[in-house]
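What follows is a short report on a single structure.
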């Protein structure tokens, strides 16, 4: 497994939250909170990464995440280049690494990598020189560390700490990098209780998400919780006969005001977006007073700024 | 209808020129003139929008207009992100607004919106917070306010004022946002006479363009005018049996040197580009001494700079 | 033929290396060397092109070359806009020039043009005003001047000078802009010996590459050389019955460790990338100690910085 740390113990890559300890998580969250501004206020700015070049290598279409990373890097003064190269599938392995070597030779300091295939961010991290950092922006169904951090930051802003909280993750957990990264962070921060709510066909394998209680019924699953994390359901899933489709999905697993009333009165509602309104979540809930979905977006830039300034080293300007 | 102004009367959005008064138009034009440079001179620069983030949401392909807005924003010191999201049609309404809310939560201060569907810029304007401004970069056949401003600026540079001028708009007026915005600006500035020249099938509805005289014959329509504004004809129109196609269109409505000779000797020729040379305009005219088509492009950046610095508010940097 | 120089003899465009004299080449190479940094060191930075706008007009997909030019321009402080307009084929001639005139009217100072069709960079250069420069980023099979410069710079860094060197270019020379630009630069710098190694069907016409000895056998061709420049073979070529395909190509013309051993012990191996590993080059060689392929990439940014700062004039900021 790729070591995310330098020999002095400092963070060099961020590929997963799985092995971050509580101090590391809290340091990143504290730095991120430092960059949070209210909507309508001026965006945070600094030049701490002036002279640094960040390459966004997004092989999946996801404009919003790309823009979030792009703005985070630019607001720290970094140069950003966007590439839509295909790293995976046909051009895998050596060809992919040639692209990475090329970018490294162009003095790219940080690679932000998003790929539908497992292992691509680590493959990049394993092959770049010691001055280069790799930040995963989403890897297969496995990991989305900045999303996990922004989710936890959003919870802490509203709830102060995790220890007493009951959190329910609802939806397509089996295929969700969001759920996995959130679980890793919440576990490390000592969350009181984590519940998984999903149709059996979308529940993760039994050996995953150790210690979480599993529910098929959303009513049972969100009863009394403090946080409801909804996930996006890909419409392709509805081709599976074991998964209720469309309206039936909404009827069985959609978050409605009536269901939300089963949670704590001050429970918050989260969603990583984009939302399928009327499929996994009712618009009344998505736009309601308990929704913190827009805070998640704002926190996303702050978290990405914090991670970028933590990972990126500033090489001394020497002559070759 | 969306109010383009703040409660103190200052301009917040620019979606249409229809309700701008003469003072507002003249203020924008004066600011724009301030940013005009000769070709070959250095581009205008300032940092008045440093810290501001501008998002170009272009859902129609139009690289040149996008680059014009991008350079205008950057030359004022703003950060610019380009998005090619589909706002309209299938993903309309709430999904579209989720994209807008996301960008607003990322601290985007100005949305530059171009969409083939009516109402999209206003829908964005109606849903963003009070610190955010929306600038239409082209809306259906209805409005293209910065184009209207740059057209008027180009006329004023050559003719000093509008009051004594006869202006002919020639071509596909029915489907033209350019014609509508030009008409709105010229009317407010008290243009002497505005003529519409088009095949009947491309003439706007009778209740539109009040006070303009209509001509089927281009020879009659441009006789004695000071300004000839040619419009682009989409080749798709030629599928309509009532519209002369290709060479026949050029023969009936194309601007040739012989026809231009019917206008005033010092008449100027305009075109919003891209041109169909040999269809609506003869190359000899497009590249001739009376053409101000390239000035229009230069004025476009200046106008967009003026509008951006007028609309964008600079929120005080506060901590959230 | 387009004159690349201003009336005072200074370089204004860079479309080809064919008519650059030795002093000009050496001046560019010396400037480029000034911008070279070691991998892992901070990228070179300056603000010598602040206020300058560079437009990348790439009509062929080539993300890596585009990023190299983009970073070169930005690291000199220039503004960069990327356009993917089709300049060639259907929209040729006047329509293409309208695009160029538009960009010039937007105060673009430098056009970086890449096009699969011969003559496009020169057509742009012939039609822009005197303050505008044009830099070819690859033209048909004819010219790729910054690639030629970076190839020569890489050779000089390792070998000190060209006069005593034997250089072999291996592969699809007939269709290679890289080979032609390298040959032009090496010839001007007085290279000792230049050999061409290719299947007869991929050898250039007899009147080209004057003074080069031609080899069908790679073993004969690279025996004793100091520099082996491998070229990329497009897989489409294998449709030609006269060209050995795939494995057969590798067997006949692929650079293996055994073949490389026929060259000088300290011979260097070059490739313009992207590589077809296992087709024209063995991975052991591509990644081996004699490979300078990654240096070529780093030198590419340095060369592009040197060319941009040489070509771009800084117009005095005047008011229009």
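Each chain carries a letter (A, B and C) given by its place in the written order, and its residues are counted from 1.
Rule of thumb we're sticking to: a residue touches a chain if its C-beta (ideal position, glycine included) is under 8 Å from a C-beta of that chain, and two chains touch if they have at least 3 such contacts.
Every value quoted in this text rests on a predicted model; they were computed, and no experiment measured them.
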item	value
Chain-level touch network, classified as line, ring, star, complete or other	complete
Copies subunit B and subunit A - interface residue numbers shared by over half, same or different	different
Euclidean distance of C-alpha centroids - subunit A vs subunit B, Å	41
Residues within subunit B bordering two or more other chains	none
Subunit C contact footprint on subunit A (complex, rising order)	51, 53, 55, 79, 81, 83-85, 94-95, 98-99, 101-107, 129-132, 314-320
Complex contact set, residues of subunit C against subunit A	36-43, 45, 63-64, 67-68, 70-71, 74-75, 273-275, 277, 283, 294-295, 297-298, 300-301
